[in-house]
Amino acid sequence: MTRKVALYYGLMGLVLAGVGVFQSWNVAFGIANLCLISAVMALGVNMQWGYAGLFNVGIMGFTALGGLTAVLVSMPPVQEAWAVAGGDLFLSFLSLVATVVAIVFARRAVPPIARLPVTVLLIVAGYFLINRFFVPATERIEAIDPALSGYLGGLGLPVLIAWPLGGLVAAGAGWLIGKIALGLRADYLAIATLGISEIIIAVIKYEEWLSRGVKNVTGIPRPVPYEVDLVEAGWFVDLATRLGATDMAEAASLFVKACYLVLFAAVLAVVMWFAERALRSPWGRMMRAIRDNRDAAAAMGKNVKARHLQVFVLGCATCGIAGAMLATLDGQLTPTSYIPLRFTFLIWVMVILGGSGNNWGAVLGGFVIWLLWVEAEPLGNWFMTAVTAPLPGDSFLAQHLLAGAAYTRYLLMGAILLLVMRFAPKGLIPER
Amino acid sequence: MIKVEDVTKNFGGIRAVDGVSLEIQKGSITGLIGPNGAGKTTLFNIVAGHFPPSSGRIYLDGEDVTELQPHELFHKGLLRTFQIAHEFSSLTVLENLMVVPGDQPGEDLRHAWFNYRRVVANEERVRERAREVVEFLEIPHLENELAGNLSGGQKKLLELGRTMMVDAKIVFLDEVGAGVNRTLLQTIARSIQRLNRERGYTFCLIEHDMDFIARLCDPVIVMAEGRLLTQGSVQDVMNDERVIEAYLGTGRKHKRVSES
Amino acid sequence: MEFANAFALLANFVIVPAIAYGAQLALGALGVTIIFGILRFANFAHGELMSFGTMVAILATWFLQAQGIGIAPLPTALLALPVGVLGAVAVAVLTDRYVFRFYRRRRANPIVFAIVSVGVMFVLAGVIRIVIGPDDQSFADGARFLVTYRDSKAAMGIDQGIAVKQTQVITVMVTLVVVALLFWFLRRTRWGKAMRAYSDDEDLALLSGIDPERVVLIAWTIAAALAAIAGTLYGLDKTYKPFIFLQILLPIFAATILGGIGQPVGAVLGGFIVAFSEVTVTYAFKRFLAYLGPEGWAPDGLVQLLSTDYKFAVSFVILVAVLLVRPTGIIRGKVI
Amino acid sequence: MSFLSATGMTGGYGGVDIIHGCDITVERGEIAVVVGPNGAGKSTAMKAVFGMLALRAGSVVFDGRDITRLAPQQRVRQGMGFVPQNRNVFVSLTVEENLEMGAFIRDDDISATKEQVFELFPVLAEKRNQPAGELSGGQRQQVAVGRALMTQPKLLMLDEPTAGVSPVVMDDLFDRIVEIARTGIAILMVEQNARQALEIADHGFVLVQGRNRFTDTGEALLANEEVRRSFLGG
Amino acid sequence: QEPVKIGMLQGFTGPTESLVKPMALGGEMAIKEVSDSGVFLGGRTVVPVRGDSTCIDAAAATAAADRLVTSEGVQGINGATCSGATTAVLNNVVRPNGIVMISPSATSPALSTIEDDGYFFRTAPSDARQGQIIGEILVAKGIKTAALTYTNNDYGKGLADSIQAAYEAKGGKITAVAAHEDGKADYSAEVATLASAGGEVLIVAGYLDQGGKGMIQAALDTGAFERFVLPDGMVGEALTDHFGKALDGSIGTNPGTDSPGASMLAKLAGGKGFKGDDPYVPECYDASALLLLAMQSAGSTDSAVYKDHVVKVANAPGEKIYPGELKKGLEILAKGGDIDYVGGTALELIEPGESAGSFRETVVENGKWKTVAYH
C-alpha cells in the first residue's frame, strides 16, 4: 500500500519534471503551485466527504470567501471611502446589532404564538433601519473613482495573515450554514450548499462597496518579491549567475514561483499533518462510524450533529485557506471566475479520483487533475494535429477538425478522467 | 428505573404505540414480547431518544428524559441494540467495538492533535476490552474483517458486543437472538444473567424465542396492537389466553410424521 | 379596465414566462430524476445529453429544410425531433454500455458514478463543439407566436397585451403529457414497477427475475428521449448554444432535488417553483401598482423586494427553506 | 440424480474461499434444512446455489439440467425462488407491489396466488398499500416469504425465514411450508430455529466452517447428541 | 531560421468561446499574411500558437500564458480576451517575463491605469469612451428615458457605469439598471423589472451571443421594448440574422471609422470563410499586425526592444497601412521608412497604449445594419 503511494507520488514528480524538461520549468513550477493549492482544497473536501460523508457542493463559496479575505486584509484602505461613509457604516452596523438583540429579547419576552409575527416585524423594521444608513453609505463609497476604487479597501496588512484569516472567515460561514443545513441528507444537503455558495458569490459580486464586485480587485500585494525588482537587485543577479542562469527574467520568474512553492508546500504540510493525525486517531474512527450509520453512532453516544458541524467547519476552513492562497497567487479577486465547474466539481473530481477517505489520495487527486486541466489544452491541440495529419490539409474535414482543436481540451479531459476511473474505480489510493 | 408514561406514537395515520405506560425495575431483566407490529421496536426507539413520542413522557431514574437525544441517553448509561443490525460497515469488527466508549480523549481533536500520548495510552485499554468482547462472541478470527462482510448472525452478535464495551446502567436488546445460533444464544443468555447479577445491569429485551424469554426474564410485558396487553411473571403471561391467541399460538401442530 | 391592465401586465411578464420556463426546467428535471431515481446517481452529463440530442435534431432540421420539407406553421424541428431522440438514446445507451456498466457491476458508490458522469460530460461537450461548433444556432422556423403582444392588446382593447409563443404552449403541453405518462408507467405498468424495484435493491430485483440490463436500458432510453425533447424545445424557444447546457444544469438539478429525487411529479413541481421564484421574487411592482392605484399615480421607486442581481440567490434561499421544512423534497424522494 | 444437487461447491467473495466442497441436495416435495453456527457459510452456500456467487469448483444441477453457469435471473425462470437473509423486501414499494414483483416472471393471472398469501399472512392484506419499509421487522419477513411464494417456484429457497417472526406466525409459516412441499415443490431452507425446522425436515445438512459436517434425515439429526449440543442449543 | 512565434491567448473554451472563434481566425490571418510576405525580418516566417485563457479562470489563463512564454517561447502575445484574465496574465506572466501583450478585446477602464512596465497595449478602446459616445447619441436623438442592462462582468459593469454617468450628465434619465448573467437559461425576471420601470429604449451592454441576446429575445417576446441601443459587444451580423426586422430602429455603436479598413478586412475574411466584422475580429487582426510591424520596425523580436516601437508604427506620421497591405508596411519599415497603421479599426493609440476609439454609429434598417455616422 505505502509502496503504491510512493510510486504514484514518484510518478507524479516525474511527470512534473517532464513538464519542466520538455516544456519549461516555469510552466512546471506554475502547475505545481496550483497543484498544491488544489491539494489543500481537496483535503478540505475529503474531510467532509471522505471522513464524514457530508456532501458539500458549495466549495466555490468558501474558496471565494478566502479570496475576499485576502483582499480585505491586504489591500490598502481607501481613506476617502472611510471618511465619507465610515460613520454611516458604523451606524448601520449598530442598527444590525440592535436588530439582532431586539429579536433575541423579544423572542424571550413574548408568548410562543406571537414569536413568529414579532420576529418578522422586527426583521422588517430592522431592514429599513439598517438600509437608512447603509444605502447612502454604499452609494457614496461606490461613487469614489468607480473605475479604480469605489470600495472600502482593506486593512493594508501583509497578505500572509489573510491565509489563516481566510480559513477563519470560511469557518464562520461554514458554521452558520452547517447550523442551518446539516440536518439534510446527502443530495439534499448538496443542493442546499450549492445554493448557499451561489448566494455567497452573489454577495461578493454585487456588494461593490465591499469587494468592488465584478469590477475586480487587482494588484493584491504579494508575500514574495516582484520579478521586476529582482532583476534589478544585485544579490539576486549574483545568485542567479552563480547558479548558471543566463536569462534574468526567467530566473526571477522561477525564483518567485519557487518562493510560492515553499509557502504553499508548507501550508499543505501543516494541513496534512492535522488532517492525518485527526483521521488516524479515534476521532477519525468515530467520524467514519458516523458516516457509515448515523443512527447507530448516535445510539453509541456520538453527538452526530455536533461532529458533523465540527468536520464541516474544518473542511470549510481548509477551503477558505486555499481560496486565500489562490487569490494571493493570482494577485486578484475576480468574482465572475467563481463558477461551480471550476471550483466545485473539479475539486470533487480530484477527491474521488484520488481516493476519498484517504488524505494522500485526495492530495494526489489534486495534483493529477490540475495537471490534466492545464495540460489537456496543449495535448488537445497536439492530438488534433496528429489526427488530421494524414488528411489533405485543405479538406473540409481536416479544416473542421482543426477549427475544433480548442475543444479537444474537453474531450481529452473527459477521456483521461474516464480512463483513470476505469483503472482505479475506488480512486488511485483507496481508503484502505 | 425507566418509567414510560402514557406514550403514544403516530406515523401519519398509523398509531404504532397507543398510550403505553409501564415501568422497568432497577436490576430486573424485563422481557417485552408481542406479535409482529405490536410496537415494541417503536417503543424502544422512543425510549432511546431516536424520535420523540407524539405524546407521553419518559423518565429515567426519576428524571424526565423525553426530549433527550440518543447520544445524551447513552451518556446517562442507556444502551440499545437494533433489530436490523446497524453495523459500521466500513470499519473492522474491532473498530466497531472500539468506537463505542464515550469518554475517549482521542475523540477530542485537541487531544488527538496536541496530546497524542494520552490518546495512545487510552487506545490500548479500549483495544484490550474490544478483544475480550470479540473472544466472548466467538469471532476472534474476524477481528480485522470489515463489519460489512459479516454474516447475518455475526452482525447481530456485533450489535450485542457493542453494548458490552461500556459499563451501562440499562441495556435495551431488540431481538439479539434472531439469527443467532441457539448454542451461542445460551452463552449469551448466561452472560446477560451474569452482567445482571454481578454488575447490576438492568435489561429490557425483545425476543420471539420463548425459551430464551422463559429462561431469563422476570417480569414479562406483552404488547399487542400498540397497547399494553398484560404483564407479569413468565408463567402468568404464557398461560394467559389472550397472549396465547395473539402471540404464542397453540404450537407444535406442524410436527410432520415422517413418511418413511 | 385598470384591473384588466394590471392582470395582463402580470400575466405577460410574470405568469406566462414563468410557466414556460418552469415547463422547460421540468422537462429537463424529469430526465434527471429518472436516472437519479432508478440508477441512483446524479447524472451531470444530462445537460450535454440534452445538447447532443438537440444538435442531432438541428442537423436533421437543416437537412429537412434543405429538402424543403416542413410542417408550417409548426417548426420543422418538431419533425426532426425523432431523429434527435434517436441520437440521444444512442449516445446514452453507448455510454452506459462502455462506461457506466463497469461501475454498476462493481457496485460502485453513487458518487463515483456522478464523477464518472462528469467525465462523460466533458467528452460529450468536446464532441458537440467539434461537430457543430460553440456558436449560437437558430433553427426555429414556423410561426413564432400564437398570440403576439400587439394583437392581444388590440383584441382585448386595453393598454397591455399578453404574448404567448407557440413553443411555450408546446413545451407546457409536452411536459404535462410526459409527466402523466411517466407517472402511469412507473406506478401502473409491470416494467415501471420493475424499475422502481430495481432502484430499491438490485440484488432483490435479480432474485425476482427482473433483468437488470433491461431496466437500465429502459431508464436510459426514457431519460435520453426526454433530454432530446427538452433540449430541442428549449432551443426552439430560446436558442441553441452548447455552453448554455452546462449552465441550465444547475436549475434543473435544483428542481429535481427540490421536488424529491426520483419523483416525476416532484420534478415538475420543482421546475415550476424554481422558475416562479426566479421570476416573481425580484419583480418590480411599480407599473402593476400604478394600474391598481388612483388615476395618474405611480409609486416613486420600482417597488421591488430585491434587485434582480439577487434573483438566483433568492431562488436558492427559497429552495433551502423548502428543504429545511421538507428535508427530502416536496414529494418525499429517495435518499441515496 | 436429485432434483437439485449442488456438489463440491467451492468459492467465496473474492479473497479466501468461504465454502469448501459443499454438497446440498433436495428432492421434489421434500424439505431440506441447513443448520450451523453463525458464519458457517450457510447463506453463502445458498447464494452459490442461486448463482449469486462465482464458484471456483463444483456444479449445480437443477431438474436434470446443469445450471452452474446461469445468471440468477435465468435461474428464476428455471423455477427457483429465493428469500435472502437481509434486505429481502423492496422498501419503497408497497406490500402489494412487492408481491407483484415476486410474480414478475409470471404471465398468468396472479390474483389467486396473491389471495393465498394474504390468507397466510393476514396482516399483509391489512397493510397492502403501505410501503414495505415502514413495516415492523417481523412483518417485513412475512412480505419476503410472500414475495417468494408468488413466483410459484419449483424450488423454494429460504434463508432464515423465521428470524424475528412471532411464535404463532412461525408455526403458521412452518405449516405452510409443509403444505407447499406436499404440492411437490422442493424446499431448501437455512434456519437458526433449528429444532423446529428439523422437525419438519426430510433432510438436514449441518455446515461448519464451510464444510458438510453431518448429513442425515431431520429426525436422525435431532436425535444426534453432538448435533444437539453443539448446534441446537442442547 | 526558427519561425517567430506569436501567442494567441484567447478564451477558446468557456463563456466567450463563440466570440473567440472568428477573432482567433482574424488574428491568425494577419500572422499568415506577414509570414507569407517573405519580407518579415529578412524573410522569417511567423506561426501562431494558441493558448486557452478560458475568460474566467485566472489560474488556467496564467498557466496557459506561462506555457506560451516559457515553453513555446512566443515573442509576443495577442490576448487575452477578457479583462479579468488579461489582468492576471499581465501581472503574473507579462511583467515578470517582459513580453509584449496586445489585447484585442479587454476593454475594462481599469486597464488604462494598471502598472504594465510598457509591455501592455490594447487595440480596443476603454469602455469609458464608448459610454460618452452613447450618451451623446441618445441625447442627440431626443431620447429622454432609457432602461439599462449589462452583462455582469467588469466589461459590462464598467460600460454601464460610464453610459449612465454620461447620459445623466446630459440630462437623460436611466429608469432602471439590471445586470444579467451570461449563459443563464432565462431572462424574464430581468426584463420584467426593466419593463416595469419603462423607458423609450433598452440599452443592452452585453454580448450578442450570450445574455445580451437572451435579454433582447425576452424583451421582444413580451413586447417590453421595441428599440434597443447596442454597444460594441452586441453589434454583429449574428444578431440581425437572428432577429431580422424586429430590431428595426435600434442603434448600435462599435469601434470603427469611415476609413476603408473595416470593409477591406471584411472582404479578406470573407475569402477565408469567416466574418471580418464580427465583434473584435478587426481588433484581433490589428493586434497581431501591430505586434509584427513593431518587431519589423525594431528589427528585433525581443520584447524589451520592440515594445517601444508599437506606438510608433500605429500612429502618424507615415504611410497609411490597411488590412491586406501588411507586406507593403513591412517593406517600408525594412527600408527604414515610417508607417501609420490604420488596420481594420482605424487604429490610433493614445496614452497609455490603448486605442483612442473612434466609434461607428449604426442603425438597423430592414433587418440590416446600416452605418449612419462616425464619432
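Residue numbering begins at 1 within each chain, and the chains themselves are lettered A, B, C, D and E in the order written.
Keep in mind that, in the parts below, contacts are C-beta pairs under 8 Å (C-beta built on N, C-alpha and C of every residue); 3 or more make two chains touch, one makes a residue touch a chain.
Note that the structure is predicted; figures quoted are calculated from it, not measured.
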item	value
Neighbouring chains shared between subunit B and subunit E, ordered by label	A
Each chain counted as touching subunit A and subunit D at once	B, C
Label of the chain whose CA centroid is most distant from the centroid of subunit D	E
Most remote chain, CA-based centroid, reference being subunit B	E
Comparison of A-B and B-D by number of C-beta pairs in contact, larger one	B-D
Approximate Å spacing (C-alpha centroids) for the pair subunit C, subunit E	35
Computed distance of Cα centres, subunit E from subunit A, in Å	31
Euclidean distance of C-alpha centroids - subunit D vs subunit E, Å	75
Chain centre separation (subunit C, subunit D; CA means) in Å	46
Set of subunit C residues in contact with two or more other chains	129, 133-134, 246, 307, 309, 312
Interchain contacts (touch definition) - all pairs	A-B, A-C, A-E, B-D, C-D, C-E
Subunit C residues touching subunit E - in the complex, by the definition given at the top	12-14, 16-18, 21, 24-25, 129, 133-136, 138, 148-150, 153, 161, 163, 165, 234, 238-239, 241, 243-244, 246-248, 251, 275, 278-280, 282-288, 302, 304, 307-309, 311-312
Subunit C to subunit A touching residues, read off their complex	36, 42, 44, 99, 102-103, 106, 108, 111-112, 114-116, 118-127, 129-131, 133-134, 246, 250, 253-254, 257-258, 261, 307, 309-310, 312-313, 316-317, 319-320, 323-324, 327-329, 335-336
Of subunit A, residues touching subunit B in the complex	274, 277-278, 281-283, 285-286, 288-289, 291-293, 295-304, 310, 431
Of all residues in subunit E, those that touch subunit C in their complex	13-15, 17-18, 21, 152, 176, 178-181, 183-186, 188-193, 195-198, 209, 213-214, 217-218, 221-224, 238, 241-242
Complex interface listing, subunit A residues touching subunit E	22-27, 30-31, 34, 146-148, 205-206, 213-216, 218-219, 226-228, 249-250, 252-253, 256, 326, 329-332, 334, 336-337, 339, 342, 373-374, 377-378, 381, 403, 405-407, 409-410
